[in-house]
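Which chain is which? They are A, B, C and D, in the order written, and residues in each are numbered from 1.
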Amino acid sequence: MIDKTTTISNALNRVHDGHTVMIGGFGGPGTPFTLIEFLHQQGTKNLTLIKNDANEPGMGISKLLESGQVQTLIASHIGLNPAAVAMMNRRELEVLLYPQGILAEKIRAGGAGLLGFLTDIGVDTILRDSREVIHLDGREAILERALRADVTLIHAAIADRAGNLIFAKSARNFCPLMATAADQVIVEAEMVVETGSLDPDQVHLPGAFVDFILALDELTPEYGILPQHAL
Amino acid sequence: MIDKTTTISNALNRVHDGHTVMIGGFGGPGTPFTLIEFLHQQGTKNLTLIKNDANEPGMGISKLLESGQVQTLIASHIGLNPAAVAMMNRRELEVLLYPQGILAEKIRAGGAGLLGFLTDIGVDTILRDSREVIHLDGREAILERALRADVTLIHAAIADRAGNLIFAKSARNFCPLMATAADQVIVEAEMVVETGSLDPDQVHLPGAFVDFILALDELTPEYGILPQHAL
Amino acid sequence: MPYKNKIAARAALEMRSGQVINLGIGIPNLILDYLPAGLEIFVQSENGILGIGPRSAAGSEDRNLIDAGANYVTLNQGASFFDSALSFALIRGGRVDLSFLGTLEVSQNGDLANWIIPGKMAPGIGGGMELAQKAKRVIVTTSHTTREGGPKILTQCNLPLTARGCVKTIITELAVIDVTPQGLMLREIAVESSLDEVQEKTDAPLLFPPGDIPRF
Amino acid sequence: MPYKNKIAARAALEMRSGQVINLGIGIPNLILDYLPAGLEIFVQSENGILGIGPRSAAGSEDRNLIDAGANYVTLNQGASFFDSALSFALIRGGRVDLSFLGTLEVSQNGDLANWIIPGKMAPGIGGGMELAQKAKRVIVTTSHTTREGGPKILTQCNLPLTARGCVKTIITELAVIDVTPQGLMLREIAVESSLDEVQEKTDAPLLFPPGDIPRF
């Protein structure tokens, strides 16, 4: 049987200096902390990262930002990470910010093999000034290009050996979109089950989009409850 | 508790002469045969239908086509319905045909509140001649507009009273896309369950997209196995 | 009651059963604490949830279940999860009935400015621009004035806009104000405030309905 | 063996374990009957399935489970269902390794024409154009000539194209032909055929590899 599980080093040596890497997660849930930590240790640099947010100082992709491994971050909102904001303000990090759903659509468009899409979001704002604008039926529309990456890193709750994935609750977010939009897709999974044990109607992402699976041995504290966000 | 179940007449009197109506289904699975039959009996006319295919003679939307209730059909492939092909060839029915995935994207774009998208599908073919073409980085791209409808009619396996839907196997197809892209969405469901009984991770379409639910009392023969496609 | 809670409590009365509602960060996040009895709403969160309930009690958090403001939350009956693209299809496709947003400035014609102070604060737009532009109804919940006492409700915004003409109602600790084609119409006034105070702290002319103005 | 089955049996040998494969209507639909032992492939269907198995035996059909050709089918282990947009994301996004398509005409540079005969047949494009343009490899499975004996493999297509330069290999009952930058290269020839017959029925020059040409 096809078995896409592999070692973390075999998976991550596909990420090279200068690569564009999509990283799943919205805040903590869905963030592949283990893959990120290894990428941090591996020292791969000059990366362009695409992620909704910048996690929080000392956590997740902030490790890559703080260590200077990242040249450009494409995101939606980095307000929860003052370290990233400070790097952006000091121009140590190029940050491209998009409306959150527009970022999601750009990634999805890349995954769907489209060239781009047209939206009216932001046409009446200063966003327009930094965008491609075309005219449609006498009104302005912003043309947004599709985004693709060399590699996508995501976290899943369950994977079968063929790469079919199930996400848990709000950990789904950008993960399935990003998995469609990269040349190579690496998944860390909390549980790996035999192919055939998932209900085909309940698979969130078909295995065809997945190249490598890392079975997580343990969940480090980053995956747990963050006291600063609890009551 | 919110309860979106209603009678078929209360649901379908939202479909008026001249409306654009999206109808789910790919072949039989996902086709809302009961809603279509009632729309046929209701006699609503001058309709623009959007459906992947034209079903087969005497079945599903072919009833609406054959009775002259439809002015325009927007579809991907109508080859399994010689009655529809004949009407098209006699110019009794206007038929607009798109590549299947482009049709799906046009509907999805409407549902996602986009104005349109850009694709290279068909740029090297005669399709190009009947499309809007723009230039992107020195290459031609086809601009496809988003599609929306006044009403969408779809079939689901399970609905809860709040409108959360689960589709069965290949009956999913265009149904969830079309449910995002209409002002009013009417669902016929094989089973209606109490709100709270579906696993939130297994819902295929969130209830926010659903306006009316018809609980099917019985499945007419159209829903069954079609001998012409069996071994 | 702290002013933020007063605003949230008043804002909660604007919701109707069956509505799909998005709650922004800050004051909007307090609204669920004042949910009127019997009201059944579906709270959407940009990170792919419909059907959020109150915040999780200490010790009962689920590591996989946060809202778009990173708070651990609970779920109501009938909830569902989906990806970020569908979440914003729901928003941009017009299925969000009501969006509560905080703001830096709001103008008399409903312009909203709440995401950037050029040269000072620009952490990103998040989901706010799409909510502001596409929700069926946008209600701003905000302190009536800035921390320094300056007006936030203006004839026109000075900061870059989030969306133009999107705000339908402004709820502050002093007043409930509707944005109408004629201008800002005072709908309600706080029991501890006065017409003079509200007008003084509002940098745009206010219209008054005929008769007594209800208090809240 | 009928010619269609002969083509399907030969085509089956082009698949590799782990590949995502789309099977068009007609001859491609017969390929699963000749799946080499031990080969594990993932058959995708445009209507939202990955992991299709053989057609359902009479009496065991599932009313909710058809392929894009309307045949009742079975599922393999590891199958999944999804909507039509994701199904074509899989196709246009480049995750289909191999697409088998029938054709009306195919040219020496790999142009494919299989969806329209102007004024005569135009039932729609279906998923064929996207598969032809975006699958990593396109193999045409077709009778070598038309029903009337005319050539289908041409110097250039006369019919409107489905996609330009997309075909990598042509498999007929007479030959396996690769489309190369230099032209059509004969890779294999049917045991009951001859070089002369293949060239005679092909309206484009054929290149021959050095040495014996394998038979199938």
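Here is the rule we go by: a contact is a pair of C-beta atoms (placed from the backbone, for glycine too) under 8 Å apart; a residue touches a chain by one contact, two chains touch by 3 or more.
Only a predicted model underlies this, so the values are computations on that prediction, with no experimental measurement involved.
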| item | value |
| --- | --- |
| Where subunit A and subunit C overlap in contact partners, by chain label | B |
| Selected pair, greater C-beta contact count between B-D and B-C | B-D |
| For subunit B paired with subunit C, centre-to-centre distance based on mean C-alpha positions, whole Å | 35 |
| Length of the line joining the C-alpha centres of subunit B and subunit D, rounded to whole Å | 29 |
| Centroid spacing, where centroids are CA-atom means, of subunit C and subunit D in whole angstrom | 56 |
| Between subunit A and subunit B, centroid-to-centroid distance (C-alpha), Å | 32 |
| Of all residues in subunit A, the ones touching two or more other chains | 105, 108, 112-114, 119-120, 167-169, 200-201 |
| Residue numbers of subunit D (touch at least two other chains) | 81-82, 85, 88-89, 91-92, 134 |
| Complete list of chain pairs which touch one another | A-B, A-C, A-D, B-C, B-D |
| Residue numbers on subunit A that touch subunit C, as the complex places them | 26-29, 52, 75-80, 85, 97-102, 104-105, 107-108, 119-122, 124-127, 157, 167-177, 223-226, 229-231 |
| Subunit D to subunit B touching residues, read off their complex | 45-49, 55-58, 61-68, 70-72, 81-85, 87-89, 91-92, 116, 122-130, 133-134, 160-164 |
| Parts of subunit D lying in touch with subunit A, wherever the complex brings them together | 17-18, 20, 40, 42, 44, 50-51, 75, 77-82, 85-86, 88-95, 134 |
| Complex contact set, residues of subunit B against subunit A | 105, 109, 112-120, 134, 136, 141, 143, 166-169, 200-202, 204 |
| Subunit D partner contacts - residues on subunit A that touch it in the complex | 1-2, 108, 110-114, 160-162, 164, 180-181, 195-196, 198, 200-201, 203, 206-209 |
